[in-house]
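The chains carry the letters A, B, C, D, E and F, assigned in the order they are written, with residues numbered from 1 in each.
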Amino acid sequence: MITPAHLPYGGIATFVRAPLVEPQGSWRTDVAVLGVPYDIALGFRPGARFAPRALREASLRSVPPFTGLDGQTRLGGVTFADAGDVVLPSLEPELMQARTTTAAQALRERCTLPVFLGGDHSVTFPLLRAFADVPELHVVQLDAHLDFTDVRNDTRWSNSSPFRRAVETLPNLVHITTIGLRGLRFDPEAVAAARARSHSLIPMTDVQSDLPAVLQSLPRDRNVYISVDVDGLDPSVIPGTSSPEPDGFTYAQAMAVLAATARHNRVVGLDLVELAPNLDPTGRSELLCARLIMETLCEVFEASGHE
Amino acid sequence: MITPAHLPYGGIATFVRAPLVEPQGSWRTDVAVLGVPYDIALGFRPGARFAPRALREASLRSVPPFTGLDGQTRLGGVTFADAGDVVLPSLEPELMQARTTTAAQALRERCTLPVFLGGDHSVTFPLLRAFADVPELHVVQLDAHLDFTDVRNDTRWSNSSPFRRAVETLPNLVHITTIGLRGLRFDPEAVAAARARSHSLIPMTDVQSDLPAVLQSLPRDRNVYISVDVDGLDPSVIPGTSSPEPDGFTYAQAMAVLAATARHNRVVGLDLVELAPNLDPTGRSELLCARLIMETLCEVFEASGHE
Amino acid sequence: MITPAHLPYGGIATFVRAPLVEPQGSWRTDVAVLGVPYDIALGFRPGARFAPRALREASLRSVPPFTGLDGQTRLGGVTFADAGDVVLPSLEPELMQARTTTAAQALRERCTLPVFLGGDHSVTFPLLRAFADVPELHVVQLDAHLDFTDVRNDTRWSNSSPFRRAVETLPNLVHITTIGLRGLRFDPEAVAAARARSHSLIPMTDVQSDLPAVLQSLPRDRNVYISVDVDGLDPSVIPGTSSPEPDGFTYAQAMAVLAATARHNRVVGLDLVELAPNLDPTGRSELLCARLIMETLCEVFEASGHE
Amino acid sequence: MITPAHLPYGGIATFVRAPLVEPQGSWRTDVAVLGVPYDIALGFRPGARFAPRALREASLRSVPPFTGLDGQTRLGGVTFADAGDVVLPSLEPELMQARTTTAAQALRERCTLPVFLGGDHSVTFPLLRAFADVPELHVVQLDAHLDFTDVRNDTRWSNSSPFRRAVETLPNLVHITTIGLRGLRFDPEAVAAARARSHSLIPMTDVQSDLPAVLQSLPRDRNVYISVDVDGLDPSVIPGTSSPEPDGFTYAQAMAVLAATARHNRVVGLDLVELAPNLDPTGRSELLCARLIMETLCEVFEASGHE
Amino acid sequence: MITPAHLPYGGIATFVRAPLVEPQGSWRTDVAVLGVPYDIALGFRPGARFAPRALREASLRSVPPFTGLDGQTRLGGVTFADAGDVVLPSLEPELMQARTTTAAQALRERCTLPVFLGGDHSVTFPLLRAFADVPELHVVQLDAHLDFTDVRNDTRWSNSSPFRRAVETLPNLVHITTIGLRGLRFDPEAVAAARARSHSLIPMTDVQSDLPAVLQSLPRDRNVYISVDVDGLDPSVIPGTSSPEPDGFTYAQAMAVLAATARHNRVVGLDLVELAPNLDPTGRSELLCARLIMETLCEVFEASGHE
Amino acid sequence: MITPAHLPYGGIATFVRAPLVEPQGSWRTDVAVLGVPYDIALGFRPGARFAPRALREASLRSVPPFTGLDGQTRLGGVTFADAGDVVLPSLEPELMQARTTTAAQALRERCTLPVFLGGDHSVTFPLLRAFADVPELHVVQLDAHLDFTDVRNDTRWSNSSPFRRAVETLPNLVHITTIGLRGLRFDPEAVAAARARSHSLIPMTDVQSDLPAVLQSLPRDRNVYISVDVDGLDPSVIPGTSSPEPDGFTYAQAMAVLAATARHNRVVGLDLVELAPNLDPTGRSELLCARLIMETLCEVFEASGHE
């Protein structure tokens, strides 16, 4: 018998029904979640501002601990907190960034693994700034797009530029692996700049033709921050995103990359961005994204010997 | 300057950002909110189970205190708590009722005015049971339908029967005023039973032809429980409901009835039911319902001398 | 107690659960319903092809007999049949018209009042042809548009022309009263032609400023065919239509016109056209239209001494 | 030339335009269809109540007989009846079950292969009760979930428990093969109970890694009842379902399992459950499900030597 | 006969099929239209960025000249140009403002009446800056909200502040009349500041209780810029807007205010803002807004003696 | 840095922001686009009339030239024009065809590669008539359906018949290769007629089992017209189509066929039909179709030595 509890549509929607905390409060957990409902830096279809709440609601179908068909328990004993959302200004990018970095730092001081719910991809820059003290930081980025552009439509802070801003700002950010690249159009200057820094640019065609080789090429024994842009996944899997690109990751392929990353490295942070729940009336986009986060956490905590 | 705070789509969605409490916890406020996400007792289009969360989200555009164009402050100093949702079973009506009554009683012991977020209209029966000790209880019901049927489709617990069950159970429930009745089809036995108890059955045509007379006919100086079935309002105003009926209340007409009720009586409880957010992709149904609740609270607390 | 029966979403959707008959079969009822799921003659947003089925489904919330709040029974003893839909060709307008006229004639021979479910307004021309033998036929048309244009976009059979084709073809069609006219744009030739035939062209502003006078001006003691174009109603009441025009009929105003027409004339046929259920995800458009039909039938059969 | 007939959106929507019959009437066909529009036993997003009608409408694009590209005719001469829907109570699970079992028994007496259109998966329990006389009954279940839980949220009748209730009640139900299992969370007690009964629990990963082996492991020469929970399929294929799980069956994979089951066994009954048309505004969920049913019937009747 | 032309869904969507021009090009018309697809300054539900295109598409059902039921022609001989949209940066408010002012100035130099399609209401500030040379400029604003807040959520450029910024910047802006004010919450500092400048703040209740008096109170013989925030209208009329407020203008009431303004003043510019087509799947919001613009133009050009 | 330009939702939506031209005007480009917003010849769910505009809007995310991850530029120097839409009558198929053929001929005279945006598949017949002078014309058709039926529902002009009409009319149309065929139902007469003409009928199962063999079987060194019916693609990839069929092309499979066709032949024309944007609220259908067109153009112009 399963213990009585709220059905998924019942109860206040904190992430996996975790206690609600203040970022600067006195608490300590294994995992803490922070939302960054900011989407004015994207250039096409808005809605990522609604993602943190949608992910919290969807997470209520994936509340740990989990028991698999094999009877193994996952995330047993792992503790969670929901630190709410960053209080955002209406418009000012630099103020948004300052507040986001501050809140992310507070999380890092209080939990083992902070999980960030975007928001468009521009939020990854202020999030990464909270990891300025991590030695030799690596980023593993699932994404259809490079997001390494210097300036787009007169703006340095758009969702095309977070990693460019990050490498400019963070000397400790030594390497980025971007997996899932595809599409007709790349910014040549951005590609050149990424290559000049020896970033690993892995096109989606590589994932489809030889996934084991891609998994082999991932970082090992590194401090890794994982950034999941949901447009890395195929639009048939995640229709709710601003800029869908065909021929993306299946859920299983994405999980293979995330699991390999988690199992062979020290994951210091995780974000999921560019989910636009308003663009998918079937509701499956947020349900699958919430599960993707939880399954990644399983891998992280199993790799770290927890459980 | 307005103090920085979350934009409406930011932060955890408790009702008007009130602290989250346990129904049985140790707290004390003027207003406390309880959700009852139960909709399996309705007979047409489901979705009212999603209403408590939708109302919480929508309430974030109506966080008190309010200052009107005239500079008067409303709900200043009135305190709020959000007691979450009743933990519901999947199917068993009587277990649902027991838990709902228990939670509602806990609220009554801890606040001046409990506000209940349905759910379909069947939840009003267990809610009213929590008021069994109120002397000479009156109900004012805004509704297109009578909801006084004995049995419908083999069931005594459907959303057509809450008030029938209530009068059978609660000797102190002395009178019901139902306003907004309309439609081609009434259950003759139910009408006769209500008339036999001298209930006031006010058709919507009366509201439209002579609203002042309707307002005059409302209870005065009574202990009143207000039950707002959102299908009392016109479907163009609130499209998100299971069983829309044309020619209903405008928002202003509904507020006139609610204000007159609040100002001339002691309001002991309030529910809003039959909102189905999934049936209105424009989102205005929950936004207007949340405001209707807040504006009714303004009237209640101004009548009680608060503020 | 209400007798057990299907909930509205249960059971095969014939109109008001009437027996399914063949137009040419051997049956005899008071009312028979025929669908004409044809919408390729409209010039803007398609979807009226889906209306007959949507109206059948919606009618299941309005199955007669009805008992009002006053205890009076309506449509008691009135019998119904559902003759299904006309079998339509893909494209050929004249073949569509021939089949529609034939089916409508079959209905007229077997029932007192045939009810036709469009389709776009072009179907009214072949429907009216089935009434070629009615002496001094009058039409009462609720509509935002005149629909009396000779040729539109190179076509004589569009939904702008049904009444023009009808008066050319039917010598017995002596008069048309069009109520609800509004909008910035009229076809001057069509207006002139209608005025030359002394049609009554009643703008919506007349309905709003003096409804009693409009009701007085309706035909009396005539053989009347009623044609309800749902864009006559306000778009907030019936959003599901190809070409919405603001400031239209409320449900109550439309019913006042229909009731006055029914009570003072011999209604020989009724159609409801231009409902596009696909354009209204709230579902209220078809629910209100089904009720409008049923309430009009109440008026017709009460006027005829039935019940 | 294709014979004139209704376009798919025309005519009354019985399943594949079959004659409408009463379950207890005097008729005899190869196939008969019964709807069970019941969804209050599910624990997440309602809408399966709308599935029987949606499947009937969608079936009108798949009316047999079929002629393939190879010129072979399928389902030629196979006769169909549509027995409508079970008349359901509003709430009482045991009354729903009694009526459903009775209607299903009536179908079994009158047709070779009854096809049941759910509803949520809880309806499979009363449906299976109608097969209590079948010797050594096997079930082949396509499903993401085990649905073998004893009690969930205080209820023994939820859509998580149909097969648990069935094995408790039906001594002749000797074996269940469940294919497509996946997800983070299983009820350990349910898994243990199923394994104790030697049920075949086949995870979706087996289907993806070695479909031929899965097909080999299916029952042979048995009396088989097939239960298709549409959440077995991938959410990108069937978005319209309450609880989508990623990495499910493609249509072709599902058909491979169904065809292998049909070709090597005696199929005694078939249900399709958990389709929620309201959750998929593209309409493809019901279109594909209707076709899945028809293609499975092709396999069943070809295996039985019919045609 | 109506001249063959594109059906409304055919052809490239320029506003009322006007020629497409560059703002700085060499052209001269009576009316010119400019889009400002900017919505990142609003604080709730985005989508106004999609309004200029939606209004262009919707305008194709309202292409002048118009002939009324009375045979009078409107907008005959009035010439139109569509100047496209301002090229906007991704994020920088002041750069957006500079480009918008520049483009609006270019329009003013080339046409009699520029019409601006927002965008959220923040765009009205840079638009008004293009009228810095108009002597004694008056603004008539239809709006549920005052939009005169100094700072909101740390931002001076939000859609709550356009008129505050305008009066600070434009000495010639002598008076603002705001009509339709309603809601529970006003910014007291903003109200005080507007009253200190003797702005006319007309609540919606005044419109409903005595429209003729409101019309009398409008400016006369002034240079007037009209700003229509579509949330001034009732949400049942225009559901497609970020922040709906109940009890707003009907279409007829809004047109009465706009007509009275146009007929008694010199209208120098017009904007329509806060339309969010993505929030209204019925499509009627943009259709009614396009017509509102065209009908206002009729009034302006008839008042100016044109036609 | 990417040059400032409109964000995808800004500016007038011509195809890839190409200059707007009249079909009969004096211009000359490499590529010209013509819309045919006609969908009344389809037999199920309308909406293809909205496709030309939707494709234009979607194309604004795919404006050439493109630079790939490998730094190669595609479509550099290739010039584009947008010739708008054919002016269509409301109903008359033969008039539609005449105008479409005329406009297509005008395009052919002025550009190297005309691209046609349907509309339902019936438009391909009049489009092909504009290629009557091409020696030994081959057609490569991606499609789930054969579209070679003689008469359907009494009509010779439906979207099931374009290629039948074409081979009857065009002696130079020597061969058709149809790829992606699937479904339960084929018109035996149509299959026989196509086989009698030695058309290549390639079922989707061949694509899935041996794509290289399919690519080998395509025409080589021919004059080829490519017709892409979007229901050839899988419904999870392109949900927005009238008649979805499961197990269709992935985007990559479709591109493999299109690329192989383009690289080994002389492509004389291209159409994309049966896209119904109204059936896919996620918007991805048109986004992927626009990209499919652009990527095909890359292949065509690279094959021709351009760029």
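Going forward, contacts are C-beta pairs under 8 Å (C-beta built on N, C-alpha and C of every residue); 3 or more make two chains touch, one makes a residue touch a chain.
Going by UniProt, the chains are A, B, C, D, E, F = Putative Agmatinase (Agmatine ureohydrolase).
In this text, all values refer to a predicted model and were calculated from it rather than measured experimentally.
Chemist: Which chains, if any, touch chain B and chain D both?
Modeler: A, C
Chemist: Looking only at C-beta pairs that count as contacts, which pair of chains has more of them, C-D or C-F?
Modeler: By the number of C-beta pairs in contact, the winner is C-D.
Chemist: Can we say the copies chain A and chain D touch using the same residue numbers, with more than half in common, or are the two sides different?
Modeler: Comparing the two copies, chain A and chain D contact each other through largely different residue numbers, since under half are shared.
Chemist: Report the chain pair from A-D, A-E or B-D that duplicates the A-F interface, where duplication means over half of the contact pairs agree by residue number.
Modeler: Residue-number overlap above half with A-F among A-D, A-E or B-D: A-D.
Chemist: How many Å are there between the centre of chain B and the centre of chain C, using C-alpha atoms for each centre?
Modeler: Going by mean C-alpha positions, chain B sits 38 Å from chain C.
Chemist: Residues of chain D touching 2+ other chains?
Modeler: 4-5, 7, 9, 43, 49, 88-90, 152-154, 236, 281
Chemist: Taking the top-of-page definition of touch, could you list the pairs of chains it picks out?
Modeler: Touching chain pairs, listed by label, are A-B, A-D, A-E, A-F, B-C, B-D, B-E, C-D, C-E, C-F, D-F, E-F.
Chemist: Residues of chain D touching chain A in their complex?
Modeler: Against chain A, chain D makes touches at 43-45, 149-154, 181, 184-189, 191, 201, 203, 208, 235-236, 239-240, 243-244, 246-247, 279-281.
Chemist: Quick one: in the complex, what on chain E touches chain A?
Modeler: Checking each residue of chain E against chain A gives 39-41, 43, 46-47, 49, 88-93, 95, 152-155, 157-158, 278.
Chemist: Note which residues of chain C are touching chain D in the complex, please.
Modeler: So the residues of chain C touching chain D come out as 4-7, 9-14, 20, 35, 37, 49-50, 52-53, 56-57, 82, 84-90, 281.
Chemist: Where on chain F does chain A make contact in their complex?
Modeler: Contact set of chain F toward chain A: 1-2, 4-5, 7-9, 61-62, 64, 66-69, 71, 74, 234, 236-237, 250-252, 281-284, 287-288, 291, 294-295, 298.
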